[in-house]
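Here the chain labels run A, B, C and D in written order, and each chain numbers its own residues starting at 1.
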Amino acid sequence: MFIQLLFGLSALLTVGCAIAVAVTKNIMHSCVFLLGSLLGIAGLYATLGADFVAVTQIMVYVGGVVILMLFAVMLTGGKDFVSRAQNLLGLAPAMGNKWTFSVGLLVGLVVILTNVKLIMNIAKAYPAKVIGNDFPSTVSQIGHLLVKEHVLAFELSSVLLLGALVGAAIIARPRKQG
Amino acid sequence: MNGILNWILWLPVIGMVGVILTPKAKEHTIKMVTLVTTSITLLLSVLLYLKFDTTTADMQFVTKIPWISQFHINYFIGIDGITMLMAFLNALLFFICTLSSWTVTKNLKAYFALLLMLQSTVFGVFFALDFFLFYVYWEVMLLPMFFLIGIWGGENREYAAIKFFLYTFFGSIFMLVGIIALYYASGKGVDSFNILALQGGKFVNEQVVIFGKTFSFETIFFWFMFLGFAIKVPVFPFHTWLPHAHVQAPTAVSVILAGVLLKMGTYGFLRIAFPIFPQAAVNASTIIAVLGLISVIYGAFCAMAQDDVKKLVAYSSVSHMGFVMLGLAAMTTQGMNGAVLQMFNHGTSTAMMFLMIGVLYERSHHRWIVKPDGSKGYGGLATKLPKYTTIFIIGMFASLGLPGLSGFISEALIFLGIYQKFTTITVIAVVGLLIGAAYLLWMFKRMFFGEVNPEIEEYEDMNAREVFYMIPLCIAVIVFGIFPSPLLNVMKASVGQLVDLLSKY
Amino acid sequence: MMSLVSYLIISLILFIVGLVVIIARKNIVAILLGIELILNAAALNFVAYSRYVTNNLDGHVFSLFIIVIAAAESAIGLAIVIRFFQIKETIHIDEATQLRN
Amino acid sequence: MEYTVGNIAPIILSPVIAFVINAFFGSKLPRKGDWLATLSIFISFIFSARVFGDFVFGNFATDYFIHKTFTWFDLSYGANIWKVDMGIYIDNMTAIMLTMVSGVAFLIHLFSTWYMDHDEKHGRFFTFLPLFTSAMLGMVISDNLFSLFCFWEIMGFCSYSLIGIYVKKEKAGDASLKAFMTTRVGDVFLLLGIVALWMTLGSVAYVDIYAAIAEGKFAGQTVMGISLATFTALCIFLGAMGKSAQFPLHVWLPDAMMGPTPGSALIHAATMVTAGVWISLRMYPLMVLGDITWFIAVIGAITAFGAATVAMVQTDIKAVLAYSTLSQLGYMIIGVGVGSYNAAFMHVITHAVFKACLFLSAGSIIHSVHEQEMPKLGGLRKYMPYTHFAMMACTLAIAGIPFFSGFVSKDRILGDALYFGFMAGQNPLLAIVPILGFAGAGLTAFYMFRMMFLTFYGENRMGHHDSHGDHHGHGDHHGHEIHHEHLDARQNVPLLILSVFTLGVWFAGSLTGQGIVKVFGSKTEWFKILVEAPKVERFVNHPRESFGSTDARVKAELPKAVYVHQTGYAGPNPDEHKIHSAHVIGAILSIIIAFTGVFIAFLMYIKKSINPLASKFPGFTTTLENKYYFDNFYIDVIIKKGLLGLNRFLSWFDMGIFDRFAVDGWAAVNRVLFKASKWFDNVVVDAIGVDGTGVAVNLFNLVLRIVQSGKIQFYFIMLIVVLASYIWTVNI
């Protein structure tokens, strides 16, 4: 019972905040809403028994990435925090000029159609069945997996992170004339 | 001590990496790193020589590690008598070339990195006993050579570099076809790429159908291999790339080109073409002998007419390698041993000649004995540069084949070898020997005798560094001329085995 | 009540919203947010599948990697944005049109 | 009697050590190491004298020899055994030759310490001279043709360096190149002969060759149609002709005078040039088997006579001596050809002595007067008494005046030549050999005394612008004032020693050399009984001794040479009395001819009653002057036009045609192909493009321009649309 509740709450949180991100005029607010949506996803992970992933989600994403976004926003000046443009329906002014919103919806529609077609097939293949609610701890297994089958990916990701770190530092370094 | 071969093979690569890591500005450290690497390699190769057991004819210091196991390709290296000499020569020449390219100025770092890469690939070709590994090294060796000639060369270096690359590449394609054919013919089994296992005339009575016509497997693929190696040697019809490559290449590169790279062609014959296709080799021996003879005479005559010193010595290399081909075609003990000894002696004596031309080129920046406008390029060098003249004389008389110096022993052995089978060829080849002396001495006279040419007024004699790197070659040429047994004892076992194999067909 | 499909629907919605954000918003940082959303949608799918379909934890590992990559990507993205801002004084997306035909 | 390495090696090694030390540290040594060179030669002289003592004074039989070998290198593997052995082979001939070479070399070294005193090439000269001497000694002592060839070529190298020692002079360069190349022509054929012998007989040691001849191993063998014996004999003789400057290959010797005089004294007079004769003597049985002895005799005769005629007109003192060497070598070769083995070898020895002495005295003249042209010399008798005495002695010897060594050896050769030409039943044409021989002898006497009269007698033409006729010592003429020659140890002593040995009595034991007036009794005809043509049958299966072994037999039991009145004639059918009568006639004839030659020279140059040759037959003298145009024939026609022309054509062919077409041709073919495909591509593609799809293209361009809006989001949309369309079509 608690699972259903958790699932409903986090699903609601995720979708709601995601839509809010799209709609809010102020970029700061959209960052915060993103924060909320990621928290919702962490909850969903919890319902799926992926405890380690949920925790990582919170730690890395929520803790790190979004804060980074906030910093970036603050660093890039404040004048166009608030987007003044009105859109077609006057509904979501943050959408830039009126044309982009409609195009965005049109594309969204196209994607929905294709995905619905896909999901229909999957639904047929995997009928809903209740998986019982035993949630064994996955940490040790993930640890083994990381260093056995996926050791190459693991090592490469470390290199990737190092590269990203150094790259970001160099790119963002203020140039002499900057 | 079994791993010493791997050390010799991979040390230059480590050196190369060291060179790449040192910053561009610190030119002196780059040179030092290369020098240290090449000298350690030289020491290792001397150690290899001391540890080499001259009694057995089979491979020594063998290392075999599976590399691409699906196709049974393994990293299989080892040496026997023939390769022992070539390994030592290679290490020695590279050590000397590093010293001689001390005055290179254009982007030094790339130069020395490519030089070390070239050394390791040449070692690779000599040590590889697996066909795939051999072919890989054979092709990779072209790369540094192409850049070394293409960037640091003379006037139209691009033309020479491209011609060198394409010509050798053209040959090696045929060799690749041969390798693949052997792979399939030996049933794609465990040893289908192992050169040693393929030896011993396994394909004597195989047939192969090409465009509907059936040929004997051995003959066809012997000629494919022949083409690949003959271009490298260079044998008569395929030699026109050599003068271009030598004239345009910088000194150190043309020393290596003449000293070691030409020997890969003949080594290919000794290691691959003859033992794997013995029947075809014996049938073709007359043709090879005739081609060798033409190379000798043609090379000598062309050399006589050259006005550019380097081109002259390049043609003399064609002539000397023609002698080696004659020795190989004879397939007798004396002939083969003479051929292998000539490979080594030609390496040392031509290296000396090219180094001396390089020393002169550093001072005069031109290589004309007689300038295109007819005026004398040099003249009276003997009075201005006494030390240079004495070393030049030693080098020249060694490549001339004066007894007491190393050139003579191998040429005499080759003559002894080919006499019984090709008497008329011996008589004609003797003329080659004569013309050989003619063009060298005539060049010597035009450059060294007579009044001091005003142009060469301000040349100063060889400095300590240049003398230092010429000394080992002088010693080698004289010592191995007086008692050649240290060289001959090393090679006679493996050459004898090859001669026995060939005598069965 | 919670079946695989329900998770797929949620991740679809997330994906669509991310898409729209990218297309509609004029602020580059917003676009980065959109990218984050899409990535999380994908990660969610993986975990859902590993729960309902396969019973090994490969899905979890993969989503971890998605997180890693997302982190790296956002770092670089933001660095570029800051750099862009220093050059162009604005981070309005339409300024970045040097690649015009 | 044991000949271990210890007492043979120094003969060759001590000069080599001197060479090495001089080569590297010469400039640092006091007097640039010339004393070191002389000392080393003296050491080898001592050791060879010891060998000489054992052999000659112990007077062993002509066929007693010591043969010790060691393995130089071996290539045997598994079944086939093949080794290259080196060693020493000492018999009476070697002993005599060793002593002569080292003795003459020592005296010449001594002389050249004086001669080369303040010559800037002093150091270099004393580096190469010992090397040359050791090479010559090595050649004399070696036991097989291969090691002989090695020393042979090293000698060639030393003569090359010594001729070309004055690098400043362009002509020295030409001369050294010509010398090396002409001898190289001969050496190349010699190598061919050695290779042929080696591969058919299995070894080229003298012992094995003689054994093979004895066992008739040469019977069936042929080389390219010619019988093996003739082929190898001819090749070896060609080598000898190259080195001993015989007729076709003689051009290099006169030019070899560019080198310093003592150098040419040692090399181009005494030792090296006799190497050719030495190898012909060693291989005499092979020459006989290959029956080319008549050819040898003819070549010798032509050289002897030809060189003598040219010598008559030479003005440079060294040139006269060079041509006289040529003609004397001709005589030795005649000796070998006609079969007078012993006399030929004796002539080698006697010629070495007096020709070295002549050269040294010429050197001492040139060094003190700095003038070589005879017309500018004259009347030096008063100034240089010792040189004059030595030179006169040698001239008497070479001219063949009785009581002198030249007469002894040359007369015997001419006697045997007379027998060979007329009495031995050879084909009549061969009669020209003795005729040319005797004519040459006369001319020799003439030109030698011409030289003597021009340099030493008559008035001194030194200060030729000296107006008041008679010279009066150190008059006002500047430059080369002649100072009286005092008895200088290094200048004159060697000359005098050499001139002492020009007496005939040393060699023939009898005053006249014909055994008519016995000086020390008949038994002292030592030279004749010790040296004989090798009797091949003695060498069959003779055991080889390695260097360590010593000869078990005590000295007394060794085979002794017993004195029997031999003619020393090893010809095919020695019928005693005919040879003896030939010798007697020969002796009388040569005495008459020698004296007439001297007399004519006397008339022409002292009395001046007959005006010199030039006026009588000018045409002939000019041809003589430029040496029968041989030089320019060789150089201009054979070398310049023939060889270089061919080379230039070949190299033009190689680079111009072959390289351009056969190799770069491929590149050209590709270029053509490339152009064709490009043309094909443009034409075909453009044609379609132009007429059919012109409008479509424009439309397409328009759309493209829009799409390329540069907006990132637009690209994103396109991405999604494409992806979606893909999923629809693939219908997963």
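Just so we're on the same page, a contact is a pair of C-beta atoms (placed from the backbone, for glycine too) under 8 Å apart; a residue touches a chain by one contact, two chains touch by 3 or more.
Nothing here was measured: the structure is a model prediction, and the numbers come from that model.
Annotation of chain C and chain D: jointly contacted by A, touch as defined at the top. Counting C-beta pairs in contact across A-C and across A-D shows that the higher total falls to A-C. Chain A and chain C have Cα centroids separated by 6 Å.
Once the centre of each chain is set as its mean CA position, chain B and chain C turn out to be 61 Å apart.
Centre-to-centre, using mean CA coordinates, chain A is 99 Å away from chain D.
Averaging C-alpha coordinates per chain places the centre of chain B 35 Å away from that of chain D. Counting partner chains per residue, chain C shows two or more touched chains at residues 19, 23. Residue positions of chain B touching 2 or more other chains: there are none.
Shown for chain A are the residues that touch two or more other chains, namely 100, 103, 107, 111. Chains touching one another form the pairs A-C, A-D, B-D, C-D. Of all residues in chain D, only 72-80, 82, 146, 149-154, 157, 160-161, 164, 167-170, 172-174, 176-177, 180-181, 184-185, 188-189, 191-192, 195-196, 198-199, 223-224, 643-644, 646-648, 650-652, 654-655, 658-659, 662-664 touch chain B in the complex they form. For chain C in complex with chain D, the touching residues are 19, 22-23, 31, 93-94, 96-101.
Residues of chain D touching chain A in their complex: 713, 717, 720-721, 724, 727-728, 732. Contact residues on chain A toward chain D in their complex (touch as defined above): 100, 103, 107, 110-111, 113-114, 117-118, 121.
Residue ranges of chain D in contact with chain C, taken from their complex: 704-705, 708-713, 716-717, 720.
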